[in-house]
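Each chain gets a letter, A, B, C, D and E, in the order it is written, and its residues are counted from 1.
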Amino acid sequence: MSKIVALVPLLPLLGFLINGLLRKQLSKTAAGIIGSGTVLGAFIISLLLFIDVRNGKTGVVELFPFISFDTVKIPFAFLVDQLTAIYLLIITGVGFLIHVYSTAYMHDEEAPHFARYFAYLNLFVFSMLLLVLGANYVIMFIGWEGVGLCSYLLIGYWFKNPQYNNAAKKAFVMNRIGDLGFLLAVFWLLAKLSTVTYGEVFSAESVKALSKTDITIITLLFFVAATGKSAQIPLYTWLPDAMAGPTPVSALIHAATMVTAGIYLVARTNILFSMAETTQHIIAWVGVATALLAATIAVKQNDIKKVLAYSTVSQLGYMFLALGMGAYTAAVFHVMTHAFFKALLFLGSGSVIHAMGGEQDIRKMGGLGKHMKITYFTFLIGCLAIAGVPLFSGFFSKDAILLSAYEHNKIIWGIALLVAALTTFYMFRLLFLTFKGSFRGTEEQHHHLHESPRAMTLPLIVLAILSIIGGYISVPEVFIAGGDQLGEFLAPIIPLHTHAITHAEEYALMGGTTLLVAIVIVFAWSKYKTYKEETNGALGNLLENKWYVDELYNTIIVKPINWLAGFTDTVLERSGIDAIVNGVGKAVQYGSRQLRLLQSGQVGSYVLLMIAGMVLLFVLQFFLKK
Amino acid sequence: MIAVLLFLVPLISGVLLFATKNAQQAKTLALLAAIATLVVSLLGLTALKQPAYLEFDAAWLTGINSRFHLKLDGIGQLVCLLTAISFPLIILSAWNNEYSKPHNFYGLLLLSQAGLMGVFLSVDLLLFYFFWELALIPVYFLCSGWGGERRIAVTFKFFIYTFVGSLIMLVGIIMLYFQCNQTFDLAVILMQKVDPIVQNWMFWLFFVAFAIKMPVWPFHTWQPDAYEQSPTPVTMVLSGIMVKMGVFALIRWVAPVFPGAVYQWGDTVSLLCIIGMLYASVVAIKQDDLKRLIAYSSIAHIGLMCLAIFASNKSGMQGAVLQMFVHGINIIGLWIVANTIENNYGTRKISELGGLAHQAPVLTIMLVIIALANIALPLTNAFVGEFMMFNGMFSSKITRYNVLDTAMAGLCIILAAVYTLNMIKQVFYGAEKRAAVANTFTTPVKLALVVIIVLILVMGVYPKPFLDITNEAVDAVLNRMITEK
Amino acid sequence: MGVTQILFWVLTVLALGSALMVVTSRNPVYSVLYLIICFFAISGHYILMNAQFLAVVNVIVYAGAIMVLFLFVIMLMNLNASVEPQKNKWLKLAGAIAGGCLLLVLVAAFKDADNTLKQTMVQTKDGEIGLIQNLGMALFKDYVVPFEISSVLFLSAMVGAVVIGKKE
Amino acid sequence: MNAIIFSAIFGVVMMFSGVFISSKQIIRNLAIGLMAVLLLVNAAELTGYGLFDINLNNMLRFTSFGLVFNCIAFAATFIYLLLSARDIEQVGVNLAEYFALIFFILCGIAIATSFNSLLLLFLAIEIISIPLYILTGSDKRNLKSNEASLKYLLMGAFSTGIMLMGIALIYGATGSFGLQNIAVASKGFEAILTGGLLLLLIAMSFKVSAAPFHFWTPDVYDGAPTVFTSFMATIVKAAIFAAFIKLFEAAYLPGAANWKWSLTFIIAATLFIGNITAVFQQSVKRMLAYSSIAQAGFMLFALFGYSDFGKEGILLYAAAYSAATIGIFAVLLKMKDYTFDGYNGLAKKEPLLAFVNTIFLLSLAGIPLTAGFFAKYYMLVAAVKSGASLWLVIFAVLCAAISVYYYFRVIQAMYFKTAAADEPASLPVTANFKVILVLLAAVLVLLGIFPHWLFAKVYF
Amino acid sequence: MPVNYYIFVALALFSIGVVGVLTRRNAIIVFMCIEIMLNAVNLLLVAFSKMHAAAYAAAAPGTVSGTGIDGQLFVFFIMVVAAAEVSVGLAIIVMMYRNIHSVDINFLNRLKH
């Protein structure tokens, strides 16, 4: 592997530096070109790398030593292999499209802020590339935290709004909770193996050196990290709030790339995870629970981006479900397809918001399909893809997951199926409420409705195409023998496994799923083709308020910590420890005031005290000592 | 040669400064002297890195067998470098501040540098104690003379508190003196085998002194007040370098000298450190004063260093040594920003500030970078140190609670994010609350911050040279600890 | 009980009794007079132990010169019982108790050695060392340095009296 | 012997000078000159030039320790006279007599450092005490001075009684007053000896103002004319310590274990009372009185851990403590207001005085780079070496920390507080005065770096 | 006479002196009580001196520590010192009296705390 790999992350870094340092000097056009151009460059190199990898040229590039002590050597090294190559393409490819999209979407910003935006975005791409390129867990962790930081910066991009800042903070803190798990896992590995380099960790003798407990704990800790980054129960609540950031950011970070880092982590570590059954079970259940929870919430959300956010959480849950089943390839596959269609959906929603002048409430939209044809059609494709309608990419990836679920655990499979139905329902609800029916916004908005500029629609179109064809890299064996290109490609990293069910069963499952989706679409159509004010029942309220999870966290975590902080500060610190310290001083002062009264000025009392002292000394010397 | 110069340059220039006439002269001379010291320190790391230059040994108190013995080992090199780098930065950052009697101010500042250098250089225990106290005196006068409203009482508390600690250490020093055939020489002391029971006593006598200095919970209460009330350059000296005296002394005079006691009391000390870290982090959440917030954050960081030292392994100790340097640089950066904010907006109250990102974007960026370094984000300098410290703690062989320790200490990573981001949010984001009353964010200050940021990033990406400096010295300390075991 | 013993007890009772009277009499003049009696009794003890020189000096210096000085000062100030201030009753009691305790402790401390002390005799009547001849020889031969040094003491006392007494 | 005889003669000379010389300045200069001569003749004896050869009958013994101590005391007196001789004139009209008394006291000091018999100890202490009663009361119109004098007299005489009772009991047990004989009692007399030694210990504790026999100290130091307080709080006290340590070496050391608890009690009480009570004082003069008690507590460690360290330490302590306290008193004498507030803003008015005063205070507090640090250090070393209870040592250092509190109050007042508006712009001091103070401070700092210079003469 | 009689008599006399110092307020009387204490010491010293003399006479010369003469000489010096002390003391008391017209030691309380 040549050192050219280093250029992949370095180009976005360069973009970040230029945009960041010269943000006052650069015009918007220049900033946009630099921002997008560097990512494009990275994409091109990634493409070359991908071709290399396809030709079997994988390997490690060691740049310079980073941390070393004792026998532990943690170099700053990059690893390019099949998994990385796929991720590289997704990140730079989707990233480039979103950069382009952003040049138009963010055009109303002032130049310095515009440049700042691209700087952040470039920094994000850099961090994300580090994450996937790192040849050991520490480098991955650098990227891992780096993307968290960029997410923080971009969510709080409009820093004047305190709520956005709170959302940013929440995202960062929740990510940090996960990061602690990551760190602990790394320490555990270091303590047991004295190495964190993938190749060495996954080698046969290393794996042998780890006990069952070790593996379980390490994998669990990694999973904790993944729940933070990939918004799983219990750390998922930051993601919906993260929608405070600009919509392209949501598309890039909070849908396509960063949030899938957790899946990357688990897939990367699949050798260990496969050996830890307990962890696998936990992952599967957490994944499916998250998927269900988020899907139910999404049903009742009215903010266009919130729906998509919960959908993302739900889809991520799906991916974890796959990971929990050991279907790593399926998960990665879904990551890819999800990146396409979810980015598409987000960008589409961005286009809508752009047209609506910032309005995000779907109850105040409707009938937009007439005004924004491209957006409408691409959004529709996105919906079809996410719903898993056959021939669209989502169908293949989702099917792979459902298949392995069916294979392993029927209950999980059942829930997953329910989630698929819910997903279809809320996506089409969103679609119909937004693009169908009559316009419900203000006259002013109606007047301004228009299709978005080319820079925005073009990425939409590209992504729409990808959302359709993206699935064909891994066509189930039942359709075409050897159709699972992806699985084969990833085989050096993730062992291939064959499904143990008959073709008939598989066809039946697909058919059933497709039927279900179709029914739900029809149901949604009947329900939302025209908008009606709806009143919520108890369940509706519960869902609209997201199961009150935020409030619950607030009550059991945030408030107690705040109370504890206040208590510690005022009671323990000021009236406790500090009071003791000051108390010593005061006691000395008080003692001084009292003791000097002994000095009464009276010779008689002085002599009396002296005699008392004498008697005491005599007693001490003669009677006490022996 | 280098060893003496490191101590003499600030000493002599400090004394000379008292004779200067006007503020400009005083400032300039102080800056030049500080830079000269830095040059000496850098020479010691590069061109003149030979044992002959790094050691100085002269007769002193022949009667009681104490020598004027200075020696630079790797750890000393690094902290001396920190001291040498810090002072130019501190002087630069204070370039705009007008102090009454500037010649006294800068003179005392350099004298404190001389004292600090002495602490880091001396390998004779009595000499060490000498400098330990000497470093404190100028700081006392600086704080009391140029500090905030409650400066006199607060400084006094700080002074007496630390003085109590030093005196208790003095008792320990005397006990050690008799335990080790009446010698103060570190090399000779290290060859002695000290009786375990006596070791326990002496360990605590020493540790209390260092714990107060660092400070380790529950000996910390002098610190927030002192930081709050001191003039900012002095706060920088205090927090950037002075508290490192405690950490440094722990590595030089406790770990290798009383290894048995370190093994025995490691858990107790770790418990104190962990309580302290959590405590300080939690308290920091509620602070409304920028300086106090930074002070509590510093307590948490120092607790981590102490914890890592008591892990008694390479990773932990190497990390702690590195972190001494890193924390010194970073916290000085934080103070510079805090000081600039106070000067520009007339308040340090977090609740009264807001929206600075709009008014002062450059300052904001710089603060964000430094603050992120403070919470040990990867690719900043603190990450390397913290990573190694946590790893050291985790793989510590001397305690059964290593996992628990690491996990509890790890909570501070999260809490650190909470209070740091809170602060950034309140001060820099949101609506603008008040207009600037002055502009003190001038070139010298910017220059200081740029240097700090460059250090943060360079060390964060390529820490190897810094780790190499201390590598052998840390090994020496650990070897001694292992042989004792 | 021989004459010596009888004399010893008489003198002892006299000395202690008059000393008590010094402490308890209200009138300072009486106190002085009782003190003189006390000194005489002690001089009697000296004679009993054949310390003639000291006995004489005691009478001349103490009972004579010093006590006259006291008496003179008391007369000068015209102090008598009516102006004699009285201490608080409780303080007096405390003082007496403290003194008593002291005595008790001292006596108790030496009680251990009682047997030896009982058998160790003090020369009475015989022994020549208390004679002026022997003391004089020793004083001016062996003790000449302290003797001269005591002159410094007197000088300073003299200067002191002048400094204090001289009118400004 | 030189010192004893010359100081006695000089005392007489001064006594008569008052009669024949009317110029105060000449008297003053004469006294200073004689003091210098006294210092020289003592130094001469230290280097082997004793001028007198008298049969001492083993009642005095001149050791290098005692002679070095004399040198310290005389040098301190010399500086004291240089700094404060003018202030002695302010006390009263009997200038010559005051100087004469000071010389007599020095005679007593010279005896106290060289006595070899309890008789001489008794005489020395009386020669020191009686002139002090007078000097204390020398400000005759001042009721405080009167009161202090009478208190001092009554309590001093009382302690003399205790001391004599102790000596009598020792004599009974050993049959001798010679120092070499008093450690061992005749058979059956052990209790008598212990009782006697204890009483002697108590009396000496009284003289060095160790608790609980210290009560006279604050009142007397406070009431006496400040210029004499300075003298008796420093030179006299140190000399009595020299006597104490000499006595201790001979009489108590052979049964040191026997005395451990009594001494521990006395030291702890002294440190505690001295330091704690000093904290709340409002007058610097009275604070210094308590501080002298506190410092005595530290000096007592020299007895506790009697060793070379103790001996060297007491020399250093005497020098450091005397020099610093004399310096502080010299400045205090120039102040109008003796309260802490009187020092407010001194650094603005008289930066040099404030600076040297700071050095003196730092020395008293035992901060490194001043002689006070090593003084305390040697005491602690002596204590640790002798196996003193660790708690006592820690208690002592905690008390030392408390002492910082009241010493630094003065520094705070000087540097960090502002003077009242009606204060005069400067103090009535001459350039010479400042120069001497600076030299004194320099000596303190020098001894703070090279303390062993002071001991060089002790061993030869 | 056995020496313990003298010891206890002297101690008793001494204690009476101490009690006097403790209980009386008249400075002159207090001073006199101190003289009683000194006399108790004197008596004891003479007794010890005679005790040692007896021992000296009983044994061969040179085998016991002293002849006892020094004890009596010490008494002599005590008297000397006492005389000097009294002269100074009374001078001070008179000075005091001249200023406040009282010799009550309870009035000595300007200096305290």
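Rule of thumb we're sticking to: a residue touches a chain if its C-beta (ideal position, glycine included) is under 8 Å from a C-beta of that chain, and two chains touch if they have at least 3 such contacts.
The shown structure was predicted, so the numbers you read here are calculated from the model rather than taken from an experiment.
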item	value
Required steps from subunit B to subunit C (each step between touching chains, minimum)	2
Innermost chain, where centres are averages of C-alpha coordinates	B
Most distant chain from subunit A by Cα centroid	C
Top chain pair, ranked by number of contacting C-beta pairs	C-E
Chain centre separation (subunit C, subunit D; CA means) in Å	32
Whole-Å gap between the CA centroids of subunit A and subunit C	101
Rounded Å distance between subunit A and subunit D, as computed from the means of their C-alpha atoms	77
Subunit C and subunit E: spacing of chain centres that average the CA atoms, whole Å	6
Multi-partner residues of subunit D (each touching 2 or more other chains)	119, 123, 126, 130, 133-134, 137, 140-141, 151, 154, 158, 162, 191-192, 194-195, 218-219, 405
Sequence positions of subunit C contacting 2 or more other chains	87, 91, 94-95, 98-99, 102, 106, 109-110, 117, 120, 143, 146, 150, 153, 156-157, 160, 164
Overlap residues in subunit E, where contacts from two or more other chains coincide	3, 7, 17-18, 21-23, 25, 30-31, 47, 49, 51, 55, 68, 70, 73, 77, 81, 84-85, 88, 92-93, 95, 105-106, 108-112
Chains grouped in pairs wherever the two touch, ordered by label	A-B, A-C, A-D, A-E, B-D, C-D, C-E, D-E
Touching residues (chain side subunit D, partner subunit C) in the complex	4, 8, 11-12, 15, 54, 56-57, 59-60, 92-94, 97-98, 100-101, 104-105, 107-108, 111, 117, 119-120, 123, 126-127, 130-131, 133-134, 137-138, 140-141, 187-192, 194-195
Subunit C partner contacts - residues on subunit A that touch it in the complex	604-605, 608, 611-612, 614-615, 618-619, 622-623
Of all residues in subunit B, those that touch subunit A in their complex	157, 160-161, 218, 220-222, 279, 282-283, 285-287, 313-315, 318, 355, 357-358, 361, 365, 372, 377-379, 383-384, 387-388, 390-391, 394-395, 403, 406-407, 410-411, 413-414, 417-418, 421-422, 425, 428-431, 461-464, 467
Subunit A-facing residues of subunit D, complex	151, 154-155, 158, 162, 191, 194-195, 198-199, 201-202, 206, 211-213, 215-216, 218-219, 258-259, 261-262, 265-266, 273, 276-281, 402, 405
Parts of subunit A lying in touch with subunit D, wherever the complex brings them together	588-589, 591-593, 595-596, 598-599, 601, 603, 606-607, 609-610, 612-614, 616-618, 620-622, 624-625
